[in-house]
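The two complexes that follow have subunit A in common; it is paired with subunit B in the first and with subunit C in the second.
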Partner chain A sequence: MHSIFSRINNVSAFLSSCMMALLAAIALSSFVFTADPHGDLAISSIKVVSSNARRYPNKKQDLAFVHFNVTADLTPLFHWNTKQLFLYLEAEYTNKQGVKNDVVIWDRIVRRKEDAVINFAGKNKYMFRDISSTFKNSPPASYSLKYNVMPYVGLLTYGEAARTTEAVAFPPTQSRL
Partner chain B sequence: MFTEELKAFKRLGFRHVLLQVLNFASVIASGLMIWKGLGIITNSESPIVVVLSGSMEPAFYRGDLLFLTNPANQLYQTGDITVYKIPGADIPIVHRVLETHDTKPKQSSKTASISAVPLSRQRLLTKGDNNYVDDIELYKGLEWLERKHIVGKVRGFLPYVGYVTIAMNDFPQLKYALLGGLGLLALIQRE
Partner chain C sequence: MSSFIQEITEGKIDFEGQHLVDLIAKSVLSGSAVVGFLVGFALQDLRVTFGIMALATLTLTMVLLPPWPMFNRHPVKWLPSVDTKAKAE
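== the complex of A and B ==
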């Protein structure tokens, strides 16, 4: 009855259920931390430039160049089950064909609490283009800074840290930067 | 070492062997039922996946386990981490949504029902956190990713556990040894 095999079996089964319970407790504990930090986001300038499309070199495609300032203190989001933050800045607008667009134009991965005070001024990292190839007559876009808290174990959570106070219009297209 | 076990095996008789086979089969069947049941609840063909590449590092490493859902009445949003499968590619890819473009479906009075507001047609672009460029090159000629390509979005995360399956894929001998060992134990065990 108490063979070496059954002992090993019992001990490993007990250890793995303890491990699972511990992991579940850690995952649940992150619901206790409900920080909702807010920062500021301002768009300093936008330029729309006509350029060549990526896949079709003889088709024209408008690209928007957005310069922005973002400041936010996201340290409250770091608790014992936070592995990293994924921050992303997105533009939201509905173009004149009625297509609702969300486009991420900048992102940053924050892995340490010390780096969680964001103070960044710069321009978009990813190409910002409309699906219809032009921003002409497009209504103004609003911009927001969002975050994704990624845990060591458990559920991923999302939130919004900053938003422009009013929508920012696209300027007329220029032929060169 | 095994003579003792073999003797015991002979003593137990045919009925006992059949009973053990039945037990073994019920374990496998309940595993399959749990998997398919999870698939129905989460509306995803594969509700648990193992990360196979490093394109989402440092968030997900090889061997991490991801839990997916695919709510039928929700659109995907930027920042969601989706698992998608391009027709013709054999491995599903875990990448983050970079762009969404939602087109409202055309209102037609004939098909308009009270309950179901049809979802917008969604065109998506994704990118791996650890990659410098977006995924257009991975789409095999498609311009945008669409809902039908997506297996689910990541909701939960458990590190390392999936490494067992990666190890079994890399060393097939391990897989056969494990399966054979388990089968033998199931037959020999006396309780």
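== the complex of A and C ==
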């Protein structure tokens, strides 16, 4: 501590220790906030259309078009350590081969608390298809709205905001939309 | 000239001053971390927390780094030099 450089060294060393403790405290403080908001999710219509697979001209590929309504008030998830929310709508079904599938068909990033009241009606953003190229004989799928809270400091936390009350069956394939 | 530059850049302070610097740095930094956390938590704003930390750091660099006279109030008192040449004669 006798010279300027040893004072810089000492003060900055203790500053970094204090910052580490502060960041750890902020990360732990997110566990105090245990908001568990719930919204509604309804599937308004679902169509399965047979189309050409993009890469193989003679192969048919079933595409599902899911229209849905989602309403949820996710403002309680915003606290001092929330940077943004990642919302995603997942279709969950076990296909006829018995493989459990979770397919993300829509998502949204919420950056501000003012945008956290979700009221959306629309259709799937990402192509929804089965690896076996058909939804025939697939048991009904249930849909859920999930969220991922991204903090400034600390751990990502996951949760479920809404779920369809009962599973929605895939309709028979139609050749045209 | 070179010893003058060396003195400026070295910024020596006495032992009591070093103790005081250590005390101020530790108490202000840990205190502002605690206060920053509490105030930020109360206002639900991380910017307040880091603003308080930044303000404390800036103030400490101004107060602690230069060799201010208040850190040099207790200079070491050396014993008077013994004139060995006069004894020999």
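In this text, the second predicted complex is superposed on the first by the 173 of 177 C-alpha atoms of A that agree within 3 Å, B and C clash if a C-alpha of one lies under 4 Å from a C-alpha of the other, contacts with A are read in each partner's own complex, and residues count from 1 in each chain.
Heads up, the rule we're going with is that a contact is a pair of C-beta atoms (placed from the backbone, for glycine too) under 8 Å apart; a residue touches a chain by one contact, two chains touch by 3 or more.
All values derive from a computational prediction rather than experimental measurement.
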> Mind checking subunit B and subunit C on superposed subunit A, clash or fit?
Replying inline: fit
> Now for A:100: first (subunit B), second (subunit C), both, or neither, which partner does it touch?
Replying inline: first
> Once the shared chain is lined up, is A:152 touching subunit B (first), subunit C (second), both, or neither of them?
Replying inline: both
>> By the touch definition at the top of the document, which applies to A:48: first (subunit B), second (subunit C), both, or neither?
In response: neither
> Between subunit B (first) and subunit C (second), which, if any, makes contact with A:109: first, second, both or neither?
Replying inline: first
>> One more residue to check, A:131. First (subunit B), second (subunit C), both or neither?
In response: first
> Touching A:25, do we find subunit B (first), subunit C (second), both, or neither?
Replying inline: second
> In the superposed arrangement, does subunit B or subunit C reach more residues of subunit A?
Replying inline: B
>> Taking CA centres after the superposition, what's the angle at subunit A between the directions to subunit B and subunit C, given in steps of 10 degrees?
In response: 50
>> To be precise, I mean the smallest distance between any C-alpha of subunit B and any C-alpha of subunit C in the superposed model; what is it in Å?
In response: 9
> Taking the contacts subunit A makes with subunit B in one complex and with subunit C in the other, which residues are shared?
Replying inline: 152
> Where on subunit A is subunit B touching in the complex?
Replying inline: 23, 27, 54-55, 83-84, 86, 88, 90, 97-104, 107, 109, 111, 126, 131, 146, 148, 150-156, 158
>> Help me check something: in the complex, which residues belonging to subunit A touch subunit C?
In response: 1-4, 7-8, 10-11, 14-15, 18-19, 21-22, 25-26, 29, 79-81, 152
>> Could you list, by residue number, the parts of subunit C that touch subunit A in their complex?
In response: 9-13, 18, 21-22, 25-26, 29-30, 32-33, 36-37, 40-41, 43-46, 49, 53, 57, 60-61, 64-67
>> Quick check: in the complex, which residue numbers of subunit B touch subunit A?
In response: 58-59, 77-79, 81, 96, 98-104, 120, 123, 127, 129, 134, 136, 143, 154-159
